[in-house]
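In what follows, structures are represented as C-alpha cells.
Each of the two complexes below includes chain A, the first together with chain B, the second together with chain C.
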Partner chain A sequence: MNIIEDENYHVEYKPVNGQITFTGTLRLGGLSEYAPIVDCLGRAVNESNTLTLSLKSLEFLNSSGIAMFSKFVINARNKPDFELIVIGSQDIPWQSKSLNNLKRLMPAMNLILE
Partner chain B sequence: MSEQYGYFNEIDAESCCEHMCLSFKPSSVPIKQRWRNNGLSADFLGDYLTTFFPKGNDQADADKKQALIRDAATYIANELLENAMKYCDDSGNVPNSIDLTLLPDQLIFTEINGISEAQKVKFQIFIEELQNSDPDELFMKRLEASAVSESASGLGYLTMINDYHAKLGWQFDIVNNAHKVTTQVMIKI
Partner chain C sequence: MDKKDHIVARQITLVVVGFLLTFSILGVAVKVVLKNQEDNYIKLDYLVNQSNAKSEKMTQLSDSIRDRMLIVYDILISDDAFEIDEMNMLFSSKATDFIKARNHLMSLDLTDSQINELVDQRKILKQAQVTLTQIVENAINETGNNQVELISKARDVNAGVLERLNKMREMQAKLSMDELSEARTAYEDTRSQMVVLGMFGFAFSFFIVYFVIRQIRNQGKKLTALMQQLEESNQTLEERVEKRTQQLLHTRDENMRMGAELDISKQLQRVILPTPEEILEIEGLDISAFMQPADEIGGDYYEVLKHEDGALIGIGDVTGHGLESGMVMLMIQSIIRSQSNLSHRDLIAMLKIANITIHDNVSRMNSEKNLTLMLMDYNTLDEYASSKTDQAVAEITVAGQHESLIIIRNNGEIEEIDTDELGFPIGLVSDADDFFNTQKASVYKGDLLVLYTDGITEAANMAHELYGTQRLCALVQANHLLTPEEIKELVISDVKLHIGEQKIFDDLTLLVMKQL
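Up next, the complex of A and B:
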C-alpha cells in the first residue's frame, strides 16, 4: 500500500523516487494505530539504499508519532550504507525540535530544514 | 490527604486571571470519537490562546511568537488529553477536565482525571524515575527503547520537558474513595 490516509493526514510512498511524503496532522492512538505507516516505512528501507522523507507539510505529530519515527530511524541506522534524507520546515515549530532529536539517534542522517 | 510531586502550584484560576476550562464526561462518547475530540480540543485551546498575543508593529516577530505558543499549547494539551483518556479510570466518577491559565509570564495547563490504584502506582514509579534522572538522557533512552517496545514510554512528558522547557507537577488525591490525579504543566511565555 503506497498511500495511507484519513481525513487528517496523507502519507504517500513513491518507490521510483525513493521518497515518502507526509502531510496534515498525525495524532493516532498509539503505535498499533501507526502500524500501516510503520510497515510502509519498513518496506521503503528494505527496497532501496536511499530514502527521502518529506515532512515539511506535516503540521502536527503526537508522542506516539515521535515514537514511530524514532523506531524507523533506528531501523534505518542499523542498515549498512543506508542514506536517509529528512526534509522539514523551519516554519513549523515542532519540526526543528523533534527532527534534531531524530538526528541524534542517527548522526549520519541528512536533515534539511527549509 | 494529597501527595504532591514536582512543580505543583495551587492556583485559583477563577479569581486571578484569564483561563479556559473544558470538562468532559469520560464515558459518554465512544473511544474513537473521543480521540478525535482530543485533537479538536487541543487545536481550539491553541488557537484561542493566540488571541492574547496580538500582532504588534513587528509583524514577522508577532507571527513567530504566535506560532510558537500555538505549537506548544496544542502539543501539551493534546498529550494531556490523550494520557487522560488512555489511563483514566471512570469508575469513581471523577470528572475529566483540562484548564489553561494565562499568567503574565507563563502558561499553566491543569488536567484532572480519575485513575485506578494500580495505574497510580505505575505512574508514581515513572514520576520518581523522572525526578531522579537527567531528563535529556532519559528522553534519548526512551527514544531508543521505542524501537523495541510499545509499552507506555512517558515520551509525551519527556518531550514537554526537553523540547518545550516545561515544568511538570502532579497531585494525587482521594475523593469519595476514588483516586484522582491532577497533572500540571507550566511553560514560560
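Up next, the complex of A and C:
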C-alpha cells in the first residue's frame, strides 16, 4: 500500500525515488491509527539505504504523529549507512522545533528547512 | 379494502381467461383431428369404390372372352343350322358386352400402365376375333377343313389375354392393398396427431391452471406481506421511538460524562496551581501569573515553589487536551515539587527523572502525551543585601525545552533565551539524558522576566494569523517600567484583541516577574 489517505491527509510512498511525501493535517488518534504509516516508513527503511521524508506540505501534526516520527528516527539511526533526508518548511510553526528535535535524536539526519 | 377488491377481481378474471384458453385449445385440437379423419374416410371410400368397380369390369372382360370361346366350341360341335345361328347372335352380343365393360373400365381412374395394357390387349384381341369370326363363318357355311387348327390358335390367343387380364386384376388388387395401407397409415398418423394434440392441450391446460393458481397464491402472499408490513411498521415505529429515546438518554449521559470529564480536568488544572499567597511569599520577585484554559481543556502548567535560596519556577505545556493531559500535568507537578526542596537542586537530574517517569507512565496509559517543560531556578545573591544597582542581585538557571524566556533589562534592552537546546519534549523518548542542558543568567534590579506558553504566541485571529513572539516582545519592552500586574493585563487584553471573535484554541498562560 503506497498511498495512505483520508479527506484530511495524503501520504504517498514512491519506492523509485525513495521518497515519502506527507500533505495535509495529521490528527490520527494514537499510535494504533498511525500503524499503516509506521508500516510504510518501516518498509521504506528496509527497501533502500536512502529515504527522503517531504513534510513541507504537512500543515499540522499532532503529538501522536510527533511521537511516531521520534520512534521512527530512533529505529532508523540504528541502521548502518542509512541516509535520512527530511524536508520541512520554516513557515509552518510546529516544524522547526519538532524537526530539530528529530535531528537531535539522529544527528546524521539531513534536515532541510525551506 | 380497495386493494383487496381489486385483487379478488383480478383473480376472477384470471380463472375465466384460463378456462377460455383451455377450451379454445382443446376445441382447435378436436376440429383439426375431425377434419383429418373425415378426409381419410372420403379418400378410403373412393378407393374402395374404384377398386371394386375395376375388379368387376375386369371380371366382365374375362367372362366375355371365355363365353365367346365356349360359344365357338358349341358352334363347332353343333350341326343344327338354327342352333348355330342363334349361338352366332349370342356370340355377337358377348362382343357388345365386352366393349361396354371395357369402355366402362376405361372411364374409371386407371393408372397409365393399366391404360397401356388395355390398348395392347385390344390389338391381340383383334387377331383372336378375326380367327373366331372365321371359325364361326366356316361353320355356318360348312366350309373349311382347318377348323381345329384355327380354334386352337384362337384359344391360345384368348388364353394369353385372359392371363394378362388376370395379372392386371392381381396388380389392381395389390394397388388397392397399397392404397389401403396408405390410408391406414394416414389414419394412424391422424391418431398420433390426436394424441399429441390432446397431450399438448392437456399440458397447456395444466400450465394455465398452474399459472392461475400461482398468480392467486402470489397475490395472497402479497396481501399477507402487506398486512405484515403494516404490522411491522407499526412495531418498528414503536421500536424506533424506543431506540431514539434510548439514544437521547445515552447522548444526555455521554454529554454529562464529557461535561464531568471537562469539569474534572479543569479542576485538576486549577487546584494544583500556586495560590496567590504562595506567590506573594517569594522574596525579591514581584510575580503576576495568568492562566485561562481554552474552550477545550488544554494541558498548560506553571509552578512557583519557594525554597530557601529563592524559588523554583516552572512552565510547561502538555500535548493534546482532556483528562489524560490533565493527569500528565498533575504528574509533572508532583515530580517537580518532590525535588524542589533538595538542598542541591540539579535541574538536569530533575528533568531526567521527569522524562523517564512521564515516559513510563504515559506508556502504561497507552498514550503518546509529552510536554514542553522549562525549569527556572531563581537564586538570590548575597549582594542583594548591599542594594547596589549595578550588581546582579540574583541568578537564574534555566533548563528544559519550552518557549523562549524573555528578559527585558531595566534599561529596556531585550534578551531572549532560546531553550531548544536546553532540553527535549518530556516523555517523548525514554533516553533523552544527553539533551538536557542549563543556561545561567544574572538578574538585576528592575529586570523583567516573561514566561509564556504557545497559547499566547500562537493565538490565531479570524484570518488564522498568529499573535507572534515579536508582538509580545515589543509590547513588554515598551511597557517594562509598569508593574508585572499591569504588563500582564496589557498583554492579555492585546492577545484577546487579536483573537477577536475567534475561538480560543489553546490555554493562555503568562508569567510576568520583576526583580525588586
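Note that the second predicted complex is superposed on the first by the 114 of 114 C-alpha atoms of A that agree within 3 Å, B and C clash if a C-alpha of one lies under 4 Å from a C-alpha of the other, contacts with A are read in each partner's own complex, and residues count from 1 in each chain.
In this text, a residue touches a chain if its C-beta (ideal position, glycine included) is under 8 Å from a C-beta of that chain, and two chains touch if they have at least 3 such contacts.
Since this is a predicted model, take the numbers as computed values, not measurements.
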{"item": "First, second, both or neither for A:R27, with chain B first and chain C second", "value": "first"}
{"item": "A:S57 touches, of chain B and chain C: first, second, both or neither?", "value": "neither"}
{"item": "First, second, both or neither for A:N8, with chain B first and chain C second", "value": "first"}
{"item": "First, second, both or neither for A:N75, with chain B first and chain C second", "value": "first"}
{"item": "Which superposed partner A:I66 touches (first chain B, second chain C, both, neither)", "value": "both"}
{"item": "Between chain B and chain C, more extensive residue contact with chain A", "value": "B"}
{"item": "Partner chain(s) touched by A:Q19 [first = chain B, second = chain C, both, neither]", "value": "neither"}
{"item": "Footprint overlap on chain A, comparing chain B with chain C", "value": "30-31, 62-64, 66-68, 70-71, 74, 93, 97, 101, 104-105"}
{"item": "Chain A residues touching chain C - in the complex, by the definition given at the top", "value": "30-31, 62-64, 66-68, 70-71, 74, 93, 97, 100-101, 104-105"}
{"item": "Complex interface listing, chain B residues touching chain A", "value": "35, 38-39, 67-68, 71-72, 74-75, 78-79, 82, 86, 139-140, 143-144, 146-147, 150, 153, 155-156, 159, 162-164"}
{"item": "Residue ranges of chain C touching chain A (in the complex, touch as defined)", "value": "319-320, 366-370, 401, 420, 424-425, 428-429, 435, 454, 458, 466"}
{"item": "Chain B-touching residues of chain A, taken from the complex the two chains share", "value": "8, 25, 27, 29-32, 60, 62-64, 66-68, 70-71, 74-75, 91-94, 97-98, 101, 104-105"}
